[in-house]
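Beneath this line is the structure, given in structure tokens, with notes to follow.
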Amino acid sequence: MTRFIDKDTRVLVQGITGSQGAFHTRLMREYGTRVVAGTVPGRGGQTIEGLPVYDTVVEAKESHGVDASIIFVPAPYALDAALESVEEGIDPVVVITEGMPVRDSVELMARARLSGTTVVGPNTPGLIKAGECKMGIMPAQVFKKGEVGVISRSGTLFYEIAAHITRVGLGQSTCVGLGGDPVVGLDYVNVLRWFEEDPETEAVALIGEIGGDAEERAAAFIGDGGFTKPVAAYVAGRAAVPGKRMGHAGAIIQGSSGTAESKMNALRDAGVDVGELPGQVAESLKELL
Amino acid sequence: MTRFIDKDTRVLVQGITGSQGAFHTRLMREYGTRVVAGTVPGRGGQTIEGLPVYDTVVEAKESHGVDASIIFVPAPYALDAALESVEEGIDPVVVITEGMPVRDSVELMARARLSGTTVVGPNTPGLIKAGECKMGIMPAQVFKKGEVGVISRSGTLFYEIAAHITRVGLGQSTCVGLGGDPVVGLDYVNVLRWFEEDPETEAVALIGEIGGDAEERAAAFIGDGGFTKPVAAYVAGRAAVPGKRMGHAGAIIQGSSGTAESKMNALRDAGVDVGELPGQVAESLKELL
Amino acid sequence: MVESVEGHRLKLLEYEAKEYFRRHGIPTPQGRMVTTPREARDYTAELGKPVVIKVQLPVGGRGKAGGVRFADTPEEAAEAADALLGMRIKGLTVEKLYVEEKLSIVNEIYLGVTVDRRNKAYVVLASSEGGMDIEEVAAKTPERIVRHLVDPINGLRSYHANLVAKRLGYGGRKMLQFAAVIESLCELALEMDAELTEINPLAEVGDGFTAADARLNVDNNALFRHRELEERLLESYRGELTEREMEAKSQGLTYVELDGNIGIIGNGAGLTMATLDTVMLQGGRAANFLDLGGGATPERIGEAAKFVLGDERTRALFVNVLGGITRCDHAAEGIVAARRELGVEKPIVVRMMGTNEEEGRKILNEAGVETLGSMEEAAKLAVKLAEAS
Amino acid sequence: MVESVEGHRLKLLEYEAKEYFRRHGIPTPQGRMVTTPREARDYTAELGKPVVIKVQLPVGGRGKAGGVRFADTPEEAAEAADALLGMRIKGLTVEKLYVEEKLSIVNEIYLGVTVDRRNKAYVVLASSEGGMDIEEVAAKTPERIVRHLVDPINGLRSYHANLVAKRLGYGGRKMLQFAAVIESLCELALEMDAELTEINPLAEVGDGFTAADARLNVDNNALFRHRELEERLLESYRGELTEREMEAKSQGLTYVELDGNIGIIGNGAGLTMATLDTVMLQGGRAANFLDLGGGATPERIGEAAKFVLGDERTRALFVNVLGGITRCDHAAEGIVAARRELGVEKPIVVRMMGTNEEEGRKILNEAGVETLGSMEEAAKLAVKLAEAS
């Protein structure tokens, strides 16, 4: 993985004729993303937002060359859409789709691993290289090209913190929404590895939430010296109640595992500056840089 | 693939307690094959032919180290038995079992390809390195260590020709039974590539039969210079009738394809010495060497 | 250790789960669901042997709550059923019972299949500590749990199942029988999109194994593949959700009831959680979590606001909107409409930022609703207002 | 080009195949299997539209043989059925008919799924030349065939099916409909272990596609997964096998009837084929191919010998045994016993080599049967004896 996306990335939109697909295609292009085509089986030959629509990824790729794909396909069809891009060697594949069955995510990730493809999501706001390429549904106005890499499991909280980062006078390099589902393609460690090598990233904002142990594993990775740049973090869900799902399928405290405290402590032990409030992440980064 | 098998190969027998499994385990050991253990699910802890029986390949491997496996398991269970060895990194996996469904063979070969495992068979007499290691059901007495590599789709015809080779004063290096099923792990070209590199093989006896186009592909490979040592061949089935299956599931002439003439002509065009009768193969080799 | 996917599932009752078990060849004791003492008596007579009678409720711990009884005769079964029906357990009334042959159990095993988030794969869990909660076993004696990750490409094969059975100490015929149950349960899990399926205990009886209990929780997101279960969805929340949560569900709202007095509405799960946290840090207590999700319409936002304002515990409402796909002006319209329709005077604090922020603020300010740009300050204000009202 | 697995399969009749098609969601015209003119009339009346009536036989080319008729009214249907029932086609008597609604066909497509030996994978074949034999299309206009290899790991996905439909020139809704048929057929092929399943033609009608004909050949080796078909096996050979071959099948013998006069028995398919070839090169003609397989018992060999000697066309018997698992003495015992039991005087030539060769020769020589060590010489002798007798 030498890059996620940048201004040259040729992006395909799968599910481009749906309301979400069409809407965000427009916004992504306004941001400067090089969207080259869309696909919807059965809609080949149509045009939307001035872009050609193909029935299959193979045809879109043959006609335009496609580097990366973003998927707005309804959940029952999302697995096939993603596999289609994986099979065509498209990388990364960003699955915006919400509500994908876990069995399908498990299958997708296994096949993507076999072919070395990076899958972002499902149920992700997507990823953005500030000022160059937006492959996602995040509001453009909160981002400014800069030095902070952002990794988040949630969407709006990610925008919130990105906005704070911009407001304090910093900016973002690449921002990655991991996705709010229990099984997703990327975890913090995958992205931290990438940020460690990325010359444009000088510090990282890590935005976590209750459920699972992805934050604890990120903490272990940082604590073991796997990531050496400054990190500031916020973990949502201190007020959450065990056994109650907080919006995301993955955001649930089971027994004593997956609590915000556990994650915050692990990150602090690894030397990460953990904020009590979302706004503190930007302040910390300002100090760290 | 640096070697198939030799005197050091530690062999596991899957399905060792069945009558075929037990009988051939005895014969293989008499030949000198280093059989180290057997497996039969549910029979773990038993002993047969003085060898320990395990429930699973994992356990056999942990206790003995296993390089290669030979399978005598009934057809309905053969796929799982083979996959178990493939998963444990055992190579080659020799499937003696007859009557394996084609769907299972297709799945086995795909998974073996993913992990780079050589599968011999199914429905093969097995393979033998003359004078060192017999992993199969061929009669030992017809083989003598020597310089001719033998590749065959059939069993008894292979023994017949091996016996001729021995009788004319030559011997065999490694002999490979490809198997009589439509979908098998190895084809002539795979084995010719190996024989090309094998210092112990100076010439090859290629024994074909009607059905499919494996012989034609071997001819093309030889004709293109892929194999440079002398080859003598015999193709069975000149007297066969189109549409009638000749014993093997794979041995059938469909329309005008898969005939003995087509195969013999292709081989002759590639410079192979093709005999009219099985006995002529040995005579040809004698002249060629 | 046993980190699994939860939170998003349709929980079937024991008798329903066992029906699926049977279809997949998993041995179960003879049994029948009954709703009257008479049926309990008749079925016990039909069986002609001692039975166990278990309440059928979507909550755990029925044994401790007295929801399981034994009966040797049809008359005893009728009496037991009479005693159990109408019982209240964890706020739920018992309406269904499962009458099942009583087993002579040699040994109790735990067997489950769930999804391992970290490894992105289904996982088979087996333990000799049958009958116990697996989380508890995982915490206390993790070495007693055998885990097998199911390769998503290769699937669970007979030899994998044999190894699991082996590791639990079974050999010979018992190993094969146990392995067959593992294979079937795993097949069921995949075919039914189970987020969790469990046999606890799997009873070792004289001549094999049988599922003494059965749990089957199906991934909600996969119900399009299991249409027959869709209508069961709401019912499955009984007991698990509060009445208000049930009502929210039926309105399609992502709502969690909490025990404070500040109503919280946010857009996006992470932001809403952070809003709760911020309120907590300011000394307040949230009455709920309500996530609008992405791109809510004014109507949707109005419904949400009405739902939260309508909660009598709510003393103040704090709406936190980060405009992205969701438009701030839409949020404002929805809030104003809700307030007008309800005619309530409860204080409302709105924090908004992003898409159409100015328009939104204008609408709210004209309606006399306070808007702030900072989440912390808005939370502080909400806490103050809730205390004051 | 269309090299596929054949030879080893249970061939279902059209009406049976269509039943499987329906279960897998493949659109088929309305139809019913009937065995009397009355049923044909009643069903046509029930349908209330013109019908096509097709003989149900396990042989191809029924159209050319006059086995397909059309009828506009119930009375015409009864007449057509009356004419078709009892007809003889390729040596078989028509006992079953399939009455089906007559279609208004816009276009005819070929669609099939089979196994590609070389690539070790299932392959989808589609062609615009519907109604034609695919082998013929492959030979004459191979560019009109679209091939898609099904990745055994990933399976056939919707987008693969879309591409196939696309390559055949379909777009929009028709592409999706055609792709759905491809997906279902492929699913059927795998689930049923089909060595070949074919829709030829797949009829494009006004509002979609429908299977105007149906072929489903199931891999014999997989019948343990399809118990319901096991009893259909013998019947499926009707028409394909000769009477003697049918009888051999029922005795479990691997036997092919040929048109010569020298009975051939060998052990192993390759050796037996080579034996036929050798006899042919010596100027003789084999009456059959009979492969004993591996490790035959004396009884088995005796039955085989009796079966071949019992063929009145057989003037001499040539047994070729290469002793490996099969023991030469067992072969000898079987041959001697068969000869004794039948009391026939037909000349027998035995070539044996390998395991227990000496013992075998001794038994045969004592019984006055000639044994040789060379296959060529034995063949020469057999040809000579057959000519002389």
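Here the chain labels run A, B, C and D in written order, and each chain numbers its own residues starting at 1.
Methods note: a contact is a pair of C-beta atoms (placed from the backbone, for glycine too) under 8 Å apart; a residue touches a chain by one contact, two chains touch by 3 or more.
Predicted model, so just to flag it, every value in this text is computed and none were measured.
Undergrad: Going by the stated contact rule, which chains contact subunit A and subunit C alike?
TA: none
Undergrad: Report which of B-D and B-C is connected by more C-beta pairs in contact.
TA: B-D
Undergrad: Rounded to a whole Å, what is the gap between the Cα centroids of subunit A and subunit B?
TA: Averaging C-alpha atoms per chain gives centres 51 Å apart.
Undergrad: Give, as an integer number of Å, the spacing between the C-alpha centres of subunit D and subunit B.
TA: Taking the mean C-alpha position of each chain, the two centres sit 27 Å apart.
Undergrad: Centroid from C-alpha atoms only, then distance subunit C to subunit D, rounded to Å. What do you get?
TA: Centres of subunit C and subunit D (C-alpha means) sit 54 Å apart.
Undergrad: Where in subunit C do residues touch at least two different other chains?
TA: Subunit C, residues with two or more chain partners: 153.
Undergrad: Identify all positions of subunit A at which a residue touches two or more other chains, and write them in rising order.
TA: 111, 114
Undergrad: Could you classify the connectivity of these chains, where an edge means two chains touch, as line, ring, star, complete or other?
TA: Contact pattern: a closed ring, each chain touching exactly two others.
Undergrad: Each pair of chains that touch: what are they?
TA: A-C, A-D, B-C, B-D
Undergrad: Give the list of subunit C residues in touch with subunit B in this complex.
TA: 153-154, 157-159, 162-163, 166, 171-173, 175-176, 179
Undergrad: Quick check: in the complex, which residue numbers of subunit C touch subunit A?
TA: Residues in contact with subunit A: 3-8, 115, 117-118, 120-122, 135, 139, 151-153, 190, 193, 195, 219, 221-222, 224-225, 254, 256, 258, 266-274, 276-281, 286, 289, 291, 293-295, 322-325, 353-355, 374-376.
Undergrad: Under the stated contact criterion, what part of subunit A meets subunit D in this complex?
TA: 41-45, 55-59, 77, 80-81, 83-84, 87, 111, 114
Undergrad: Considering the complex alone, what residue numbers of subunit B touch subunit D?
TA: The contact residues of subunit B facing subunit D are 20, 23, 75-76, 99-107, 109-111, 114, 137-139, 141-142, 152-160, 163, 180, 182-183, 207, 209-214, 217, 234, 236-241, 244-252, 254-255, 257-258, 260, 276-279.
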